[in-house]
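In what follows, a structure is listed as structure tokens, so that the remarks can point back to it.
The chains carry the letters A, B, C and D, assigned in the order they are written, with residues numbered from 1 in each.
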């Protein structure tokens, strides 16, 4: 593997727990900085869009949220695969830690998408291929969360969730293309978001900075949740005892 | 030859047992003893490969059973707590299915004689739901009469719900199977002596806290 | 600077409801998620920590 | 190996024949759900004709999902599933056998019944062929994908609803292509493309679903 870094040293919760705290704090501050800069660019530097006026500024959270919702599902499937392949406890914990944040971003993408659609196309909900696929992705997240909630034994919950996540990630492209095909078949009945505003450079920069901001936020939130999961699941082990005592 | 090497089993966060080592050769009988909740059934399920060990490994002729998979399962006969009997099927049909899953076809005549050996030959064509709990256990155990080729039997509480006569029959079947050079692992709360050359015993002690 | 005054900024060219509706819910959800995480962590420490 | 699968198929069909009511409930559910729509939407033939493919397909999808819990639940309860996991032949082959038996009992009857219901929706005769063909290719794919959900949720609380939540998103491509086949046929474009896609989806599901369901079963029975 890469030089020097022994990944397996950090693959056990005991050694990853303190590291996760440092990472979470670091990425948390990075997230705040990037979001602040992104919002400043978005609101104070990016010009008014000639077609859509000011409503297009929703793009600065809609697109990052949509990208994060998809990206987190892929990362979740990655950890799920690792968990099944190497049987490491930490991979399962990471997958469980990722799901709620992913579901939140999917909901945000849908919420901001519909609020953006109303002034632009006159309806709260547009059966556009991307928005519809986003809705189905939200169902996939809820399926994963519901399955894990229904299983008491953490080990089975991780492995069953992993199978579902992997089956889901295989189906996401199939769902997207079938929805896109369905959308073009019924072109008359629905409007698609293809007419995205032509992006002035400052708009693009603002959006990309916000993407990083959301990404760092996700890492921080997921690591915080992973730490909680580690403590909950390994509370009887001696390494957890010391942290439970000191509250570090 | 069945081998357990530094075997560890956890259920949820609790460790049922760890560092368990034993070696069981053909012609030997192993009894797993221990209080309720001490992990007897979990150990048997580990030995079958139904449960993945938290630590250590189970080997059959030196090869990890998780890698042997169907090869190992083809040789194993496992009878668990549940009788694996379908209420809507007759005793004979149930037995035929059990043997088919084990990987060998059985002629109708052999089914009848196996059931006779367990003393329930008469109810061969009656749906299993009308049988008593003891009779259903006999139907499950009748599979042993058709498994003389199998080098390893793993039996979880085989004597439950059996009357004295049935216990003798099963005891005798186990003894003669071990005498044939096969290995048998079983758990029971019935204190009884099965006449075999080598009888080993592992006590898992009290329930894991 | 795009905006003459703060009130113009909040009016957001007439789209205040949509733009601020989106940003408020997004910020709100992210804050709620962090609060839930802190509460969850405190719950763990109280339930399992503390006893010698 | 295939012998064991044939044995399992015969066993499941035998069991179903001995307890015919289970099979009938699924079919009656399908008929009732389809008949509800005209009551809800109104009897105008033109409207019914346009919604017929979607209604029939959604009803078939819900009916096959309703029957899913029966694929493993009974075997799990009485211990036969454990014996299947310890069988000499690969578990995925046995699962494939069980899915085929399940489809023969629940999927195939839907295919045969759908044209009759389609007449209720005033669907012209020459589209009944496409309807049956699309269901013939679609329902086995639904059963295959559904089996994964049934295996994952084995022995869990919230059974039926949980399986639905897990499996419905994965059914969507099959629904879109299946129902779309009839719209294309109605629009005169011919359902060829859709049916080929459905066939491709079925082949992919047939190749992977039994294996994934087998993995899920081993996880469930740990």
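Convention: a contact is a pair of C-beta atoms (placed from the backbone, for glycine too) under 8 Å apart; a residue touches a chain by one contact, two chains touch by 3 or more.
This one's a predicted model, so the numbers in the text were calculated from it and none came from an experiment.
Peer 1: Consider the two chain pairs A-B and A-D; indicate the one with the greater count of contacting C-beta pairs.
Peer 2: If we tally the contacting C-beta pairs, A-D comes out ahead.
Peer 1: Would you identify the chain whose Cα-based centre sits farthest away from the centre of subunit D?
Peer 2: Greatest centre separation from subunit D goes to chain C.
Peer 1: Taking each chain's centre as its mean C-alpha position, how far apart are subunit A and subunit D in Å?
Peer 2: Each chain's C-alpha centroid was found; their separation is 32 Å.
Peer 1: Report the inter-chain centroid distance for subunit A and subunit B in whole angstrom, where each centroid is the mean of the CA atoms.
Peer 2: Centre separation, subunit A to subunit B: 48 Å.
Peer 1: Measuring centre to centre with CA averages, how many angstrom lie between subunit B and subunit D?
Peer 2: 37
Peer 1: Can you check how far apart subunit A and subunit C are, centre to centre, with Cα atoms defining each centre and the answer in Å?
Peer 2: The answer is 17 Å.
Peer 1: Return the residues of subunit A touching two or more other chains; collapse runs of consecutive numbers into ranges.
Peer 2: Residues 235 of subunit A touch two or more partner chains.
Peer 1: Going by the touch rule set out above, which residues of subunit B reach two or more other chains?
Peer 2: Where subunit B meets two or more other chains at a single residue, that happens at 52.
Peer 1: At least two partner chains per residue is the criterion; list those residues in subunit C.
Peer 2: Residues of subunit C never touch two or more of the other chains.
Peer 1: Give the list of subunit B residues in touch with subunit A in this complex.
Peer 2: Listed in rising order, the residues of subunit B that touch subunit A are 11-13, 52.
Peer 1: Which subunit D residues qualify as touching subunit B in the complex?
Peer 2: 3-4, 7-8, 11, 14-15, 18-19, 74, 78-80, 82-90, 94, 218, 221-222
Peer 1: Considering only the defined contacts, which subunit B positions touch subunit D in the complex?
Peer 2: Touching subunit D: residues 48-52, 70, 73-74, 76, 78, 80-89, 93, 97-98, 100-105 of subunit B.
Peer 1: What part of subunit A is in contact with subunit D in the complex they form?
Peer 2: Where subunit A meets subunit D, its residues are 84, 136, 139-140, 142-143, 146-147, 150-151, 155-156, 159-160, 163-164, 167-168, 170-171, 174-175, 178-179, 181-182, 185.
Peer 1: Over in the complex, which subunit A residues touch subunit C? Could you list them?
Peer 2: Against subunit C, subunit A makes touches at 43-44, 46-48, 53-55, 57-58, 61-62, 65, 100-101, 104, 107-108, 111-112, 115-116, 118-119, 217, 221, 224-225, 227-228, 231-232, 235, 240, 243-245, 247.
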